[in-house]
Amino acid sequence: MNITRGSGRLMLFAGDKKMENLNIDFYGPGISPDDNDPEHLFRIASRAEIGCFATQMGLIARYGEDYPHINYLAKLNSKTNLVKTAQAEPVSSAFYSVAQVDEFRECSGLGIPAVGYTIYAGSEYEAQMLHEAAQMIYAAHQRGIISVVWIYPRGAAVKDERDPHLIAGAAGLGCALGADFVKINYPTNHADPKQAFKEAVQAAGRCKVLCAGGSSVDARLFLERLWEQLFVSGAGGNATGRNIHQKPLKEAIQMCNAISAIVVSGVNVNEALSIYSGRKEFKLKRNNVG
Amino acid sequence: MNITRGSGRLMLFAGDKKMENLNIDFYGPGISPDDNDPEHLFRIASRAEIGCFATQMGLIARYGEDYPHINYLAKLNSKTNLVKTAQAEPVSSAFYSVAQVDEFRECSGLGIPAVGYTIYAGSEYEAQMLHEAAQMIYAAHQRGIISVVWIYPRGAAVKDERDPHLIAGAAGLGCALGADFVKINYPTNHADPKQAFKEAVQAAGRCKVLCAGGSSVDARLFLERLWEQLFVSGAGGNATGRNIHQKPLKEAIQMCNAISAIVVSGVNVNEALSIYSGRKEFKLKRNNVG
Amino acid sequence: MNITRGSGRLMLFAGDKKMENLNIDFYGPGISPDDNDPEHLFRIASRAEIGCFATQMGLIARYGEDYPHINYLAKLNSKTNLVKTAQAEPVSSAFYSVAQVDEFRECSGLGIPAVGYTIYAGSEYEAQMLHEAAQMIYAAHQRGIISVVWIYPRGAAVKDERDPHLIAGAAGLGCALGADFVKINYPTNHADPKQAFKEAVQAAGRCKVLCAGGSSVDARLFLERLWEQLFVSGAGGNATGRNIHQKPLKEAIQMCNAISAIVVSGVNVNEALSIYSGRKEFKLKRNNVG
Amino acid sequence: MNITRGSGRLMLFAGDKKMENLNIDFYGPGISPDDNDPEHLFRIASRAEIGCFATQMGLIARYGEDYPHINYLAKLNSKTNLVKTAQAEPVSSAFYSVAQVDEFRECSGLGIPAVGYTIYAGSEYEAQMLHEAAQMIYAAHQRGIISVVWIYPRGAAVKDERDPHLIAGAAGLGCALGADFVKINYPTNHADPKQAFKEAVQAAGRCKVLCAGGSSVDARLFLERLWEQLFVSGAGGNATGRNIHQKPLKEAIQMCNAISAIVVSGVNVNEALSIYSGRKEFKLKRNNVG
Amino acid sequence: MNITRGSGRLMLFAGDKKMENLNIDFYGPGISPDDNDPEHLFRIASRAEIGCFATQMGLIARYGEDYPHINYLAKLNSKTNLVKTAQAEPVSSAFYSVAQVDEFRECSGLGIPAVGYTIYAGSEYEAQMLHEAAQMIYAAHQRGIISVVWIYPRGAAVKDERDPHLIAGAAGLGCALGADFVKINYPTNHADPKQAFKEAVQAAGRCKVLCAGGSSVDARLFLERLWEQLFVSGAGGNATGRNIHQKPLKEAIQMCNAISAIVVSGVNVNEALSIYSGRKEFKLKRNNVG
């Protein structure tokens, strides 16, 4: 798979939050003014070393023509953050079928090697989301498209979303659905999360686990935790959004590259920090992007 | 796009309220008796300078034959104002598919260069409306039809519909859906709304923002605010209904022209007022309407 | 349109209440024993002068073969009167598509120039009914079939179903859907209903308004009100059921003819009463029934 | 119609209760041990004189090969008795389309001249069931298949399921749907039910009324009531289950034959009792079974 | 049927709990560490003597290529254990159609002779699940695929899930749906469950009953109960998961073989225990696997 550059590990740049969190992640104190322009995401994705850039088809359709060399992941469903779990059980429906993604891919000539879908396991609408995810994965595999599922246990039935055993269950669920990658939360409710996280990685079997580095703003802490997730716990990649795009363009690109250096090339944290600070260049070996 | 006459800005005449507000906007004190006849809308749209006239397909089908030169926007969904948010979460479903609009367009020979859909973000039925909107936009783009989404945060989860940050989120949502234009409310809950509104315009990126001038009855105030929205905040056009069609025919046409003069030709408020008062003529350069 | 005999006004004989009101309208004190046999409706419709006979497809399928010269209106949805608004929001779904009506029409050779659908505006299921009605109208027009919508504001959100302004809104809604005729209730909650009713007729524009003569049993009062609806308020026809079919066959036929004489031929109330009492014959000029 | 043997009256053997009542009707005190084997139903249906045997397609598929000469009625929907009306409004969905029944009929070579569906009128899910029933009847008639609807008023809105006027409404509803037969309950809440039942028979018009003989265990009482339903009230047949299949095979067959003798041949109760007791043989004239 | 090796009895190895119970059944005290790797299930299924291995299509798609000789049962629906019955009525939807299973089967070349579906009878969503199950069975039989339904009475309406009479009803329901096998719970709420269980086996008729051996950890007790279910009560096979896969690989294989020896070859409990302990080899006669 060219999106992992042969490493088997995926650096996923998450840019789907304009729907999920509305403008909270893009404008306000501590966020670079660059980030309020949706094109910021494309500028980063096109200049940095990433595996794929996950975002909604609407954005790909609007900006893709000017950024034709990005490997896109079309995120098929999203919901806003307005309705909280205390009000109603979480649910999110696919906007498009994989067949439509494929049709768009052909018409536009863009590279969309992957699709994604979010499941709220434990929601009373779980059955609907499991169905849509299973159909997405089935249709993706028929077409040689990579499938990624975001699985978050959520709803009145879920007391602790960060419980390691529950997160491992979510990871196993991703495997049982046949996804290529499953994005789960990091089990922060545990004395030694990096050990606890191994349960999830193992439970996912051949389905690779993506994890966020957490919301830590400190770059060293963030990269250290990422390194541990990958090389202690055995994660198959990362999915990072805010820690990248809330930075000004140049710094965002350098953060992307620092992450990729760890994820794809396996460098240590100090080397990654040099890349982040701009003291060192980073370039992945290019494969043919199909 | 000929509906913007090359200006990139859209003067949208909104005539979809016979469903949305039943007869409240069309009959009663302060409303011209002309307005109770649905044909009033067509008389205005056909004689005034507008970008497009947004209304339901049913009205287009019934009157379009006699008004073949209007650029129509087929509004695909609408709901009545009867069920209030306090009673039930807002929801509105598409009446027709874009394929049906297209089929009608071909049969009737009418110009319907645009389609529209309203989303109540934050409603518990949000998933259904996001799906339908995404499908409308996808199908519209396949056929070279302009797509406009009206996005109003509404429902038990929405405490303040006029919050600037939330409105900016709605604008960004329109962009993430891939719409050409997003109609949002003006962030009146802010000390300096025209500055606050810039957040939304920027968050929408390449999706252009349409805004109502507000419910102000005073023409100068109305046109001043419109001018500010466009040339201070950077809006991509307007969507105006009641401030036009509640007036007698001649005055309604002059108001349309005054608005168009600002939106499309960028004239100042005084010049627009001259047009509104009939002291000055206004004519847009005609492009070929396809 | 042959169903209006060139008058532009429609005499609709409503025979859909076997579903809507179960046996309440057909059996009991003050109702002719004739009325408990469903064939009574067909006997009336076939011998009297009517514009069209509105009933369910099931009845048309069962009796139509023996009554091939009636102009039928296939009522596509109906609900029973069992679940009251206080218990649950009103909803009624289409039993058949227009394509199926058309297919049946072709197979049976029967004349079904019109279809109908009831919408409960203000119900929480309004979106579903607006969608189905819009689809019915779209499909009917594609096939040259007349469309009639019954629009009744109903549900927890509707405080006064007979409010003139609300009824005018319902009339305008029918127009916005593109229906040929809209059946609404008479605004009895008004000092001068026949003046008040004009708001509705005007709001409906080119969509013609049908109205019931009310539940008055007195023939003169009933016909007077009908005359006023048509020639004072400007209604486009009537929809009458119980005031016809609850009478014995001969009297029912004479009532039909009296109504038609007013609606289609525009006779005055005294002349209509002569027809009703049998002192005078009434025959419409026959057009070719297609 | 061969299922009525030219009498116009239908002897329907109801064998759909394995879903409707689970094992309550098939195992326990007062029930023959024979009845716990599903094949018991087929043994009866194949050896007794019946019009048709109504049961689920699943059973027909499993046993039909060994009982190829039965006239089957495929019951398209069923629900279990677990969820009571006090807990939730009753609803039952079609398992198969008529097209699938037809396809199965062709593949299996079995005789399935009829289909059936249960409607709970007055349930909040009534709209869904009316739609499915109407579609079943439409599709059945296209294919020359007899349609039977079971209509039971039920739900929070129904205070008295045995009210004669309400039952007559259900009968009329069956007619308005276009069904060939409507199975309704007997109006036991009336001083003279056999007179009261006439209202229903008449209200059903050309749709024939089927009625259960009631739950009476005494054979004479059961057969007397059946005779009255048919020849006093004018019913078009019977639908009997438990009073047949809870008996041992031989007695069950004799009960079937006694019922058929009344329904199809119109014998009196004494003669039917002779058949039931085995003192007399009963054989219907065989028509060609198509 | 080759999955019963001609015995008419099915040894079903249940491996669908990664969705149903998340990671609870796969990781924790008393569970072999082997079990946290999803491949453990495939290792067992490929080396042990089993009738079929029931699991989700996603797992089959991911691992099947390396385990091409297993007879798979594609479990079409599953739900997580997060939402408890006290919170919401149980519901589970099919992820795939049988047509998709068939298509996958053809593309992959894997042996998938069976499909399965779980129904929660007595849930308020029962109608939806009965519909999906009936459709699965219909489509499976068209293609010569074996159908298995898991039927568990569950929901607010079900007071005692282990009531023998209710379980017999579930068994009969499986038969009425036309399934080949029905998996039900063992009626532990009875003084003599193995006698009580006969009611269910008989009620299922030609639909064969599968039963779990129970959660007993003691091998002798487990195998004794299994033997009784089969040879006292007349069950048509077993469905066993945790009692197999929670053991280390070698022991799991031996347990599988011990179960198969009882189910398929009908050995006694002592002989089965010898196989489980490894003192004796067990090999089924191989048929051609199609």
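Letters A, B, C, D and E mark the chains as written, and numbering starts fresh at 1 in each.
Throughout what follows, contacts are C-beta pairs under 8 Å (C-beta built on N, C-alpha and C of every residue); 3 or more make two chains touch, one makes a residue touch a chain.
None of the values given here were measured: they were computed from a predicted structure.
K.L.:
When you check each chain against chain A and chain C, which touch both of them?
P.N.:
Looking at chain C and chain A together, the chains touching each of them are B.
K.L.:
In how few steps can one go from chain B to chain D if every step must land on a touching chain?
P.N.:
2
K.L.:
Angle of the rotation mapping chain B onto its copy chain C, from a C-alpha fit, rounded to a multiple of 5 degrees, please.
P.N.:
Rotation angle between the two copies comes out at 70 degrees.
K.L.:
When chain A meets its copy chain E, do both sides use mostly the same residue numbers (more than half shared) or mostly different ones?
P.N.:
Under half of the interface numbering overlaps between copies: different.
K.L.:
Quick one: report the Å distance separating chain D from chain E, using the average Cα coordinate of each chain.
P.N.:
36
K.L.:
How many angstrom between the C-alpha centroids of chain D and chain A?
P.N.:
Here the centre of chain D sits 58 Å away from the centre of chain A.
K.L.:
Multi-chain contacts in chain A: which residues touch at least two other chains?
P.N.:
As it turns out, chain A has no residue touching two or more other chains.
K.L.:
Hey, how would you classify the chain contact layout here, line, ring, star, complete or other?
P.N.:
ring
K.L.:
Under that contact definition the chains make a ring. Starting at chain A and heading to chain E next, list them in order.
P.N.:
A, E, D, C, B
K.L.:
Please name which positions on chain A make contact with chain E in the complex.
P.N.:
121-124, 126-128, 130-131, 134-135, 137-138, 141-142, 153, 155-158, 165-166, 168-173, 175-179, 199, 202-207
K.L.:
Going by the contact rule set out above, which residues of chain B touch chain C in the complex?
P.N.:
Residue positions touching the partner: 16, 18-19, 21-24, 26-28, 36-39, 55-59, 61-63, 77-80, 82-84, 87-88, 91-96, 100, 104, 107.
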